[in-house]
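Next, two complexes with chain A in common: one pairs it with chain B, the other with chain C.
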Partner chain A sequence: MNVFYLEYLKLKKKTRHWIGPIIVFILIMIAYPLTVEFLEKDLEKGFYSLLWISILLSMMLATEDIFLEDYNDGTLEQTIISISSFPFLIAKKIFIYWFMIGIPISLFSFLFSLGITKNLNISLLVFPFAMICSYIFLNLFVFGSALSLNKGSVLGAIITMPLALPVLIVLGKGVIAIQFGINYLELLLLLLGSLSIIITSVPFIVSYIIKAHLE
Partner chain B sequence: MNTELIKAENISFKINENRLFHNLTFSLNKGEALHITGSNGSGKSTLIRIILGITPQSKGSIMIINNNNICYLGHKNALKGYLSVIDNLMLHGLNNHKDLNYYLEKLDLIKFLDVVVANLSFGQQKKLALLRVFLNDSDLIILDEPFVGLDKDAHDFVKNFLLKELETGKAIVYTSHIDCEIESKVLNLQ
Partner chain C sequence: MYKYIFYFSLFIYIFSLVWGVLFTQEDFVQGNSFRIIYLHVPASFLSQSIYAAMAISSVIYLIWRVKLSAYLILAMAPIGALVTFLALFSGSVWGIPTWGTWWQWDARITSTLILFIMYLGLISLHNSFSNHEKADKLLSWLVIVGFVNIPIIKKSVDWWSTLHQSASITLTDKPTIDPSMLYPLIGSIIGFFGIVICLIIISSKVQIFKREKTKSWIKDYV
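Let's look at the complex of A and B:
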């Protein structure tokens, strides 16, 4: 049976796991205007910083125990024995998580951006940045989650967080480029390039780490 | 024609400086069973994991013919507690198997198809996990303590199933503390 469908079925049934990070993201976005003086300009100033950090946190929550359940119930052992391309399976699993969690969060990013800035153009341009960065963060935290498979998710987050910092810098520059009408495409391409390297390397690294854990 | 499925020579395994087993040599042909026995902590499950290629041996060599065609059931059942019985069968690609209903009836699981696995007893979960073994088409079946948690009827059913599989030329490796009345080569880990 199609691995995509199976992973989708598993995630769909674990409602808390996929709705949880989305709700946390929405709550942070709703809480933001409540914490500052209600002046529109002030709201815009810090919004995008908060947006990227919220996406980062949501992706961290989403991957908290991405492999733990399969590790504990013996599914990982079965998978390694029966499926020849374990990295490919991991890549599919990450994609499903992005599809179920990353894309909705990116859509909400667009909506909240539109609500706060009331600028459709900026919000539309921010959307692809949100899509790409959510996928990058997801991959990075999956790597962290694999590293700390049976040692608690906090360790993985601590290891992975510094890797996300360069992405946050590029995102900050991307928003400035969009707001000032400078060519933002280079930054978008830079993120896409990073993503292409990450999505091809992380599944192999993660599969190696998981095999080491199972030994 | 070569009927050998497993050939292990001088297999040793140690954790740090503790030697679990030393210089094990065995082979398994089609239609044969290998019963791995031993006390708790003697390395039965570790040996199974070495055969499966999950854990590397410290010394020696092991050769498995066609290691992509192995049916394995370990201590952990690989069942999802939050999914129903039928969803779990779907996860393992067994929901449309032609013999599924026969085995579900034999194991008294047919009425639990829509029940969440977490609500089944340990024995029922074990039976559900064993369905994967019953519906397999592998040449080599590897089972780690397959009889644990089973009632008398289920125990006999599994035993008879394994005997039939041996007759059809499949090979079986299993660990068990009890005598399962299956004619086997015995590998006793002290």
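Let's look at the complex of A and C:
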């Protein structure tokens, strides 16, 4: 619990790190109606594609320098030496980021979906999709961020972006399934299954990668 | 030795290509356009096989620290990218007369495009580090994680409804392709496979020379 609280405090103090991605997400969502003709049907057509891409970009921004500060001031090195369960620390760090950034973005997704489509049922079903996909994207970009720890976050984002594309395909299908009321639970379960594999494997992989950086 | 394998493979490939393109009958649905399979199928097959070989090499490198595995991964990545590009390009050319479009965002084509981007990402990741040993380790991890895309490509035609047809040749079932088209296809796969293997050997030699250039045995060898 202490590690959770410590990571929470660390992120809370770095206001720019957690508010920044949320604000970018909100700005994209607000800017969207300005770029299409103001007809409700036109807005609805491309809304969900934009929503998933915005979540993807926000998560990419959130993990920009997730380890960089700790790497530069030697905290990472000290943590690896002093804590035996380094992968669990990584998992907790990712969870805190999701709690502080992913969940608010998912809530805003629900609100924007409700505002644009004016359909409570669809918006309620979109919410769990947003929660799960934000956690998946966060894990993937943390992996990329660890790979390109001291080489800038762009490289990490580029090389891990292809891994996020299948999730985007499933999300696209998910929205169609929700709109037509068919098989959306299967797709939600598919995402949940993928998430469970990712959250158990990524912390271990990331910890090995960080150790390779520090060797 | 590999030079002979290369020329022999090249001979088999050209022979199969000529046999398939000039001497097999037209397909009753696709007409002559099907003949691109003698490039498309070997390239698609090898684009995934090379990645699988890279993943095996990565595991070997991370567990047993065999340097040759790291050199092999580096040697295979650009060749894999080239072969994947060939698969995508030939697929697009085939798509125009068959589907009426050169590109479709369906599962098989998109996942193959992801594979191509993965290859480019692997190359750029390694090039961005000056410490070779660190770069090898990071590259190996990325290859292993990226391997998740291979079963997705393989099963994409079964899991999603796509324009792409399902596999005509499998290990378990009888081929659904006519023998007159099948034999030159098998020949072209074998020939293409041999050519790619030789290219990987040459590329690996280049990697070994580049990385071991300060060692005395290299100076003696050269």
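One rule holds for everything that comes next: the second predicted complex is superposed on the first by the 214 of 215 C-alpha atoms of A that agree within 3 Å, B and C clash if a C-alpha of one lies under 4 Å from a C-alpha of the other, contacts with A are read in each partner's own complex, and residues count from 1 in each chain.
Methods note: a contact is a pair of C-beta atoms (placed from the backbone, for glycine too) under 8 Å apart; a residue touches a chain by one contact, two chains touch by 3 or more.
The structure displayed is predicted, hence computed values, not measured ones.
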| item | value |
| --- | --- |
| Side-by-side fit of chain B and chain C on chain A, or clash | fit |
| Partner chain(s) touched by A:L147 [first = chain B, second = chain C, both, neither] | second |
| Partner chain(s) touched by A:I55 [first = chain B, second = chain C, both, neither] | neither |
| Chain B versus chain C as contact partner of A:M131, first or second or both or neither | neither |
| Touched partner set for A:I178, first chain B, second chain C, both or neither | neither |
| First (chain B), second (chain C), both or neither touched by A:I159 | second |
| Which of chain B and chain C A:E215 touches, first, second, both or neither | both |
| Smallest separation of CA atoms, chain C relative to chain B, angstrom | 8 |
| Common interface residues of chain A - those touching chain B in one complex and chain C in the other | 215 |
| Interface residues, chain A side, partner chain C - complex | 143, 147-148, 151, 155, 158-163, 165-166, 169, 205, 208-209, 212-213, 215 |
| In the complex with chain A, residue positions of chain C that touch it | 107, 110-111, 114-115, 117-118, 121-122, 124-125, 128-129, 134, 137-138, 141-142, 144-146, 148-149, 152 |
| Complex interface listing, chain A residues touching chain B | 1, 6, 9-10, 13-14, 69, 72-75, 77-78, 80-82, 84, 211, 214-215 |
| Residues of chain B defined as touching chain A within the complex | 52-56, 68, 70, 72, 74-83, 87, 90-91, 93 |
